[in-house]
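The structures come next, written out as structure tokens.
In what comes next, chain A is part of two complexes: it sits with chain B in the first one and with chain C in the second one.
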Partner chain A sequence: MLAEKALELVRELQRTTDGTLPPFNEDKVRQVLEEMKALFDQNQQDVSATVAGESGLFAGVQLRHAALERNKRCLLAYLYNRIQKIRNMRWEFGSVLPQDIKYNLSEQEVQWFNKYNKCLANYMRSIGTAGGLDLTQDMKPPKTLYVEVRCLMDHGEFETQDGNVIVLKKNSQHFLLRSECEHLIRQGILEHMVH
Partner chain B sequence: MALEALEEYYDLDDILSSNEKIPCKIEMPIYRLGYLDSSSIYDDLLPGSKMELPYWMARSLCSRKRHMVSVELPKNYRESYREILTADATVVDLHKLGPYYYSFGTHLLKYELPDSPDVAKILVKAFQTRFRKVMDSSQNAYNEDTSKLTEKLDESERLLFKAGQLGLNDFIRWETRQTEKLTTSDMVKNHRKRKRAIMEDTG
Partner chain C sequence: MSSGLDILGELEDDSGEDGEAMTAAEVLQKLEEAWLNEKFAPELLETKTELVECMLEQITEMEENIKRAKKGDFKVSLHCMEIDRIRYVLSSYLRCRLKKIERYTSQILDEESNRKDEDPCKLSPEEFAFAREYSQNMEGHLQSIALRHMPQNLQSLNNKQTAPRPNYDKYVFLRVNEAVEGVLVEEETMDTGLVHYVVLFSFQKCEQFYFSFMEQKIWLQVLET
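This part shows the complex of A and B:
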């Protein structure tokens, strides 16, 4: 059946779970584009035949046209939904994506991600007068200025705002400014301790 | 409105649901597309031959203006199935009949078949009867395996179930005062889990 390949792309995306992104399926995208090219060429042929006087070709043209539109829709949906996922990842993982996810992006998607990052950073810097506002912070209403945290893994040295350098070693506990360590908690490096 | 239509255009579920097959009868010859019907040996699709076409294709060939194929109601929406749904919709395995039973059914209404009003009625009725059960089970399954509860649900019902679960979990977290604790983002957690699984596989 026509447009079957394009549907496989959609299925592939539908199957993926939160927090993962399948590799950009360049091969299949190319195959879909080839199918579209073939359909288009056949339609061109039939149209010029009709202009030349042959009749009754309209049904076939209509059918192929529908298949073209369908392929287009599937391809666009594939690209669009991937971008949506990548955008969500910016808010969950932070401005640097994990290596294995980055590896699955297409070149254009990497470019898009970088541009999105830049836009977001510029916008956040422009809010207010005091050097901007970090929108990715305080996703939950803050209750205290400082929080107690425990390291879940070795993360190396960390310089706090007041110039102290602390070593984030596995299982060590620290009392840190909430605004400084919230990102590290979101990324699973620190654990927030509540009593 | 324009924006809503755009959302649907990119909606993966809508794309999948519009791929469900409809039994069609070819009404006029369609030249050089005989390969679409694998059981035919001819180069063209001939009038009178019957085949199953996906909804999106059938839709472009059969509408008020065009009549290149005629469309029949798929069997899952015919009288006998409608009777089963009327008898007791809650026990029917809609995922097996669907899995996009409602949304594909809604698509079918656009053909204005003689049975359409009845199909429309039964879709609403079935949804109403089943909704209570979906809501009940999603609001009362806390910390347990839900695959048994959702296996008979249509895809849109599964989304409802998921929304209910999310609400329930949030409520219980609030009730037990867990909301103030900062936690690792779910996406990061899932990503780690997967990575660990892959590493265990290869190592």
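This part shows the complex of A and C:
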């Protein structure tokens, strides 16, 4: 059926769970583009035949053109929504993506990610007059100044704002300033203990 | 007690836009209003650069005050908490705007280029720079992977057709903060005297007088839907 492959791409993305990104389906993207080219070529043949005097080809041309537009729309939706997912990851993981996620990105998507990083960093630096504001911090309304956290993996030494150095060892528990350890919690190094 | 705890109240701000001095507490209240409105309105509202900048300055000032304070003072932790809360409101407000800018980039940039000089600015200069770069990156990405390889007549990106636009028909709750005469809501007047009157109707309808309200410094609060 016409434009089916493009729809499969969209479905594939739709079916993934939140927060995960399937590998970029380069093969299928290429197949869709090839289908478009074939449709276009056929259309051009029919158009030149019509110009030459043949009649009755118009309906076919219309149908193919509709399929072409549908392909385009689906392909763009696929790319756009992948970008949205990648964008959300920037906010979640910070400016460096974990290797296993990066592996699923296409080369152009990595480029986009880097550009977005730069663009966002520029914006955050330009807020206010004195050095900007990191918007990726303070994601949740603060409830307490200090939080109790447990280390989920060995992370090494960590210097707190008042100059004390603590060692983040697996399964150790600490009582830290929320603003300091928020990013570590998000990276999964620390776990916020709720009693 | 009051002099220490009421740190917001004691810092006078004299950089108010219209020459009026606003206390820091007033600025914070205005910021919170802007934050709520932004959060529940479907489209990007006017920029409040002065509020953001002013509040950031206050935060730096407060942080310096705290550094000077005695260590281990009970009040210090309260102030720290307050700073954290303010910073959250600020970041959340700006994040919310950024999200809208990313989502409706093409529409917002269109509006910006069609804006007349006397109209209020929806984007701050920094946000404008961000929006432009973001839209360039996005278009570049779509071009390089897909559009470039398509047949010639399909290579252009028609933003009017494909780009997402805000849902102006979204329904919002409003709270009238101050009585105003002569405003029609679905053929009923929003009567004077009803200060805590909550109505539910489509954003597009309320928007017309929403902006006229802002000029009069009267705010409708867009509440949670």
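Everything below uses one rule, namely that the second predicted complex is superposed on the first by the 181 of 195 C-alpha atoms of A that agree within 3 Å, B and C clash if a C-alpha of one lies under 4 Å from a C-alpha of the other, contacts with A are read in each partner's own complex, and residues count from 1 in each chain.
Operating definition for what follows: contacts are C-beta pairs under 8 Å (C-beta built on N, C-alpha and C of every residue); 3 or more make two chains touch, one makes a residue touch a chain.
Here the structure is a predicted model, which means the values were calculated and not measured.
Novice: In the superposed arrangement, which partner chain does A:L13 touch: chain B (first), chain C (second), both, or neither?
Specialist: Touch partner of A:L13: chain B, not chain C.
Novice: Return first, second, both or neither, reflecting whether A:C74 touches chain B, chain C, both chains, or no partner chain.
Specialist: A:C74 sits against chain B, while chain C stays out of touch.
Novice: With the two complexes superposed on chain A, say which partner A:E92 touches: chain B (first), chain C (second), both, or neither.
Specialist: In the superposition, A:E92 touches chain B alone.
Novice: Find the residues of chain A that appear in the contact set with chain B and again in the contact set with chain C.
Specialist: 69, 73, 76, 80, 140
Novice: Which positions of chain C touch chain A when the two form their complex?
Specialist: Of all residues in chain C, those touching chain A are 52-53, 56-57, 60, 77, 80-81, 84-85, 87-88, 90-92, 94-95, 98, 102, 126-127, 129-130, 133-134, 137-138, 140-142, 144-147, 149-151, 153-154, 157, 162.
Novice: Going by the contact rule set out above, which residues of chain B touch chain A in the complex?
Specialist: It is residues 9-13, 15-16, 19, 28-33, 36, 54, 56-57, 59-61, 66, 68, 179-192, 194-195 of chain B that touch chain A.
Novice: Using the touch rule from the top, collect the residues of chain A that touch chain B in their complex.
Specialist: Touching chain B: residues 1-3, 7, 10-11, 13-14, 17-20, 42, 46, 56-57, 59-60, 62-67, 69-70, 73-74, 76-77, 80-81, 88-89, 92-93, 98, 100-101, 140, 143, 147, 182, 185-188, 191-192, 194 of chain A.
Novice: Where on chain A is chain C touching in the complex?
Specialist: 29, 33, 36-37, 40, 68-69, 72-73, 75-76, 79-80, 83, 87, 106, 108-109, 111-112, 115-116, 119-120, 122-123, 126-130, 133-135, 137-142, 144-145, 178-179
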